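The following block contains the structure, expressed as structure tokens.
Note that the chains take the letters A, B, C and D in the order they are written out, and that residue 1 is the start of every chain.
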Amino acid sequence: MADVQDASSNDHLITSDNPDHPANLIPSLCAKFWTLGWVTGTGGGCSIRDDDLVYIAPSGVQKELMKATDIYVLSLRLQNPPSPRTYLRSPPCGRPSQCTPLFLAAFTKRNAGCCIHTHSQWAVLVTLLLESDADSGRRKVFEINNIEQIKGFGKGFTKSGNLGYHDTLRIPVIENTAHEEDLTEFMEEAMEEFPDTYAVLVRRHGVYVWGDNVHKAKTMCESLDYLFQLAVEMRKLGIPWISDIPVVQPRRLLA
Amino acid sequence: MADVQDASSNDHLITSDNPDHPANLIPSLCAKFWTLGWVTGTGGGCSIRDDDLVYIAPSGVQKELMKATDIYVLSLRLQNPPSPRTYLRSPPCGRPSQCTPLFLAAFTKRNAGCCIHTHSQWAVLVTLLLESDADSGRRKVFEINNIEQIKGFGKGFTKSGNLGYHDTLRIPVIENTAHEEDLTEFMEEAMEEFPDTYAVLVRRHGVYVWGDNVHKAKTMCESLDYLFQLAVEMRKLGIPWISDIPVVQPRRLLA
Amino acid sequence: MADVQDASSNDHLITSDNPDHPANLIPSLCAKFWTLGWVTGTGGGCSIRDDDLVYIAPSGVQKELMKATDIYVLSLRLQNPPSPRTYLRSPPCGRPSQCTPLFLAAFTKRNAGCCIHTHSQWAVLVTLLLESDADSGRRKVFEINNIEQIKGFGKGFTKSGNLGYHDTLRIPVIENTAHEEDLTEFMEEAMEEFPDTYAVLVRRHGVYVWGDNVHKAKTMCESLDYLFQLAVEMRKLGIPWISDIPVVQPRRLLA
Amino acid sequence: MADVQDASSNDHLITSDNPDHPANLIPSLCAKFWTLGWVTGTGGGCSIRDDDLVYIAPSGVQKELMKATDIYVLSLRLQNPPSPRTYLRSPPCGRPSQCTPLFLAAFTKRNAGCCIHTHSQWAVLVTLLLESDADSGRRKVFEINNIEQIKGFGKGFTKSGNLGYHDTLRIPVIENTAHEEDLTEFMEEAMEEFPDTYAVLVRRHGVYVWGDNVHKAKTMCESLDYLFQLAVEMRKLGIPWISDIPVVQPRRLLA
């Protein structure tokens, strides 16, 4: 009987003793993100894909208090295309996140295993600084180079290895829309234009960061936030984000 | 016997195993607020209303060390009007909070279920920046628009739904008084003038934020603090709080 | 036998199950102060007086890792004047804190029950800003008024009640010396010149804050640190620390 | 059988109930460093030497989630010189840290017992400020004096005692290289040129700090980070890092 009930509600999809199960991991990650100021006031969110199953935190929940029972589960594959996806498991109360189509874009277009959305103030400030810069062309992409933390990023989708210290990290910026789901097409366009990016900044809003798995998405999100904060402080101190410094050759390579 | 003693002291009003009972929730919220810098040095506070019962933290307590037994309880309804309200339960030692009449204003005038008062430095700095601005008319209200986090606010008392991204959030500012309880009439005036606001800034002091319930008051307070901090950083970087940016239309709405 | 051994080492002076016993309270306070950035890198410290017994953290200990067994105990009364005080209990290894004579000054001159010494960067920056100000007279005292958090301070030694919102908080600044114990005479001079102060800033070093008991010392220290941080941010934003704003009269006092 | 297996894998080298065992201490230190923003996004690291055994965290691990089983162990002594060192114990998955030769330099050249590498933004900003300063000679060393926290540093290798308040702390800066291991020769050169330093800044990258033991390395690293942050704030406020202030004589030394 319990089985039948579980099956009907599909609560077995979010029930596990394993702390690394997506339904347990999303709450623990969100609690950590809350302390970092990434998901203040129910903003932001996180989604994990396990093969075909997509786990998503609901809308409007206090992120540091989230529980596994709050999690939505849906199937990535369209069951009856072109019918929309249906939720395999929904919490008894709550609304699906407006971020859902953006998370799905990372999963379907980039085969990502995890996507994180933050409202980090550093991300927002970077987009504001780009907006206020005179050269309108520069406002569409955040660029920084010659900072060690850049090495925390992969070279790009289907490429192996990470960026180098001297490489320029480029994160596209899209304009914010009144309704979050309307960002989807613009995020997908940015993915097309910047096929190697693992993140898209949203003007006056925040950032979406994805990766092949939770580890990569989370550490790239941390590294990006570090670079956004550093960039804001560099601006306060009059230091440019892009520099042309000479490459230092190890002695063993010199004549 | 224990019952009689409990009844006489009314300690049953603050005794519960439920972590969401107001007498337990106020201490846990205040401990969290302390880590956020909102209630430093016994400043600030928090009150929860459960139907007719109002739970209030005492004055002068270290907020991260508060216990359920520190909580005052009073009845919202005047028992013998115009006699003042009396405390149904008082802690053995301690003084009632000077914030009490301001919390009560949120409960009686706006039917709020929770009211939070912070001394957040970001709130204080915003009021100082408004004060130092040349245009004296602008000093009475904090205004910001076109920031995603604005969507964390309800449209207003008796209205349904939340503000939109392009809406301007307006938080009135009242002048501080020598005695905190004297703020009450000015806060009530601000409520009249700004009937949809869920918060009032107090110059050189902090902010009062309320909501229909604990969840709404707390998440709106977080969102506001985020916006105050962002506004201070925007000012340092020369970025205006109010902008006139074009609305981005989703492609599906374009011809 | 155990008793004899305990008595000889006087370990009973620092052995208690009560978390509020000074030997337990100093470590828990110091761990909290470490998270606030007040006692970074073994800097700063804390001492509690219980009647005649003075409990002091040792020098050079990682403050977030301190244990009750690290604590020194000495008697405030001189046992054989003018012979110096001797330690009633010393940890098996460790050195007495160089702050000891400064803590003792607060206990003997002001009958304090607790004294906290922080290396807070906000305190240091305030002393640096005062030093760089042109008017040399202003560099000897930090002054701020018309900020609500000022009400977190007592009016002064032997006075009852707290400062008001419109009162000016004045914290004297003394010059740093090469050896911390040499600060003592200058701190005592500052106490004479500013008999009501509960704190002394030390240029390019930090601050000493005391109070009648742990609660008062700790909450005043928090309030001061809040004001130092606020003052630094005000300076960045071009807002003066001293203002001449009109007193707001409650309506009930107006004709 | 279990013993044989353990011996072959040498897991006994990282198995201990003692929280101060290096294999347990590195994870707990790294978790603490993560909260300080020193090892964001798998950046930075920590190594401890116990006599001949060197314990090193692997590359690419989330530092706040590290476990003892993640730790590499190698022998400091070359077993078959000039053959390179081999790992006595390796985790089942993971890559050795690129910081390894830099940690080894601190152990072999300075007999250090612990070396910490952070990506602290304050360290990076200090190197950026030095780079942007006009005088190219100044860009190679960070100098600050007359700040109390300087006393948290030892006078230097083979010297006893700590720096004084009026001493100038000098931390050399080396240029970053594309590959972290190529920093080694430059760090060793800096050690030669600044034989008393316990730290080397790496431009646009971070800092390496070492000490005779974990306690000294960790507290010096904290003190340095404090000074880097203070220096950045001083720069924002227009206060120079080097000052020429008079020495304050204790009264007892005056005529």
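Just so it is clear, contacts are C-beta pairs under 8 Å (C-beta built on N, C-alpha and C of every residue); 3 or more make two chains touch, one makes a residue touch a chain.
Being a predicted model, the structure only gives us computed values, none of them experimental.
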Where chain A and chain C overlap in contact partners, by chain label: B, D
For chain B and chain C, chains touching each: none
Rotation angle (°) superposing Cα atoms of chain C on chain D, nearest 5: 90
Copies chain A and chain D touch via same or different residues, half shared test: different
Inter-chain centre distance, chain A versus chain B - centres from mean C-alpha coordinates, in Å: 31
Chain centre separation (chain B, chain D; CA means) in Å: 44
Residue numbers of chain B (touch at least two other chains): 236
Topology of the chain contact graph, where touching chains are joined (line, ring, star, complete, other): ring
Chains touching one another, given as label pairs in label order: A-B, A-D, B-C, C-D
For the chain B and chain C complex, residues of the former touching the latter: 37, 40-43, 60, 62, 119, 121, 124-125, 128-129, 132, 175-179, 182, 185-186, 202, 204-206, 232, 235-236
In the complex with chain A, residue positions of chain B that touch it: 146-149, 152, 164-166, 215, 218-220, 222-223, 225-226, 229-230, 233-234, 236-239, 245, 247-248, 250-252
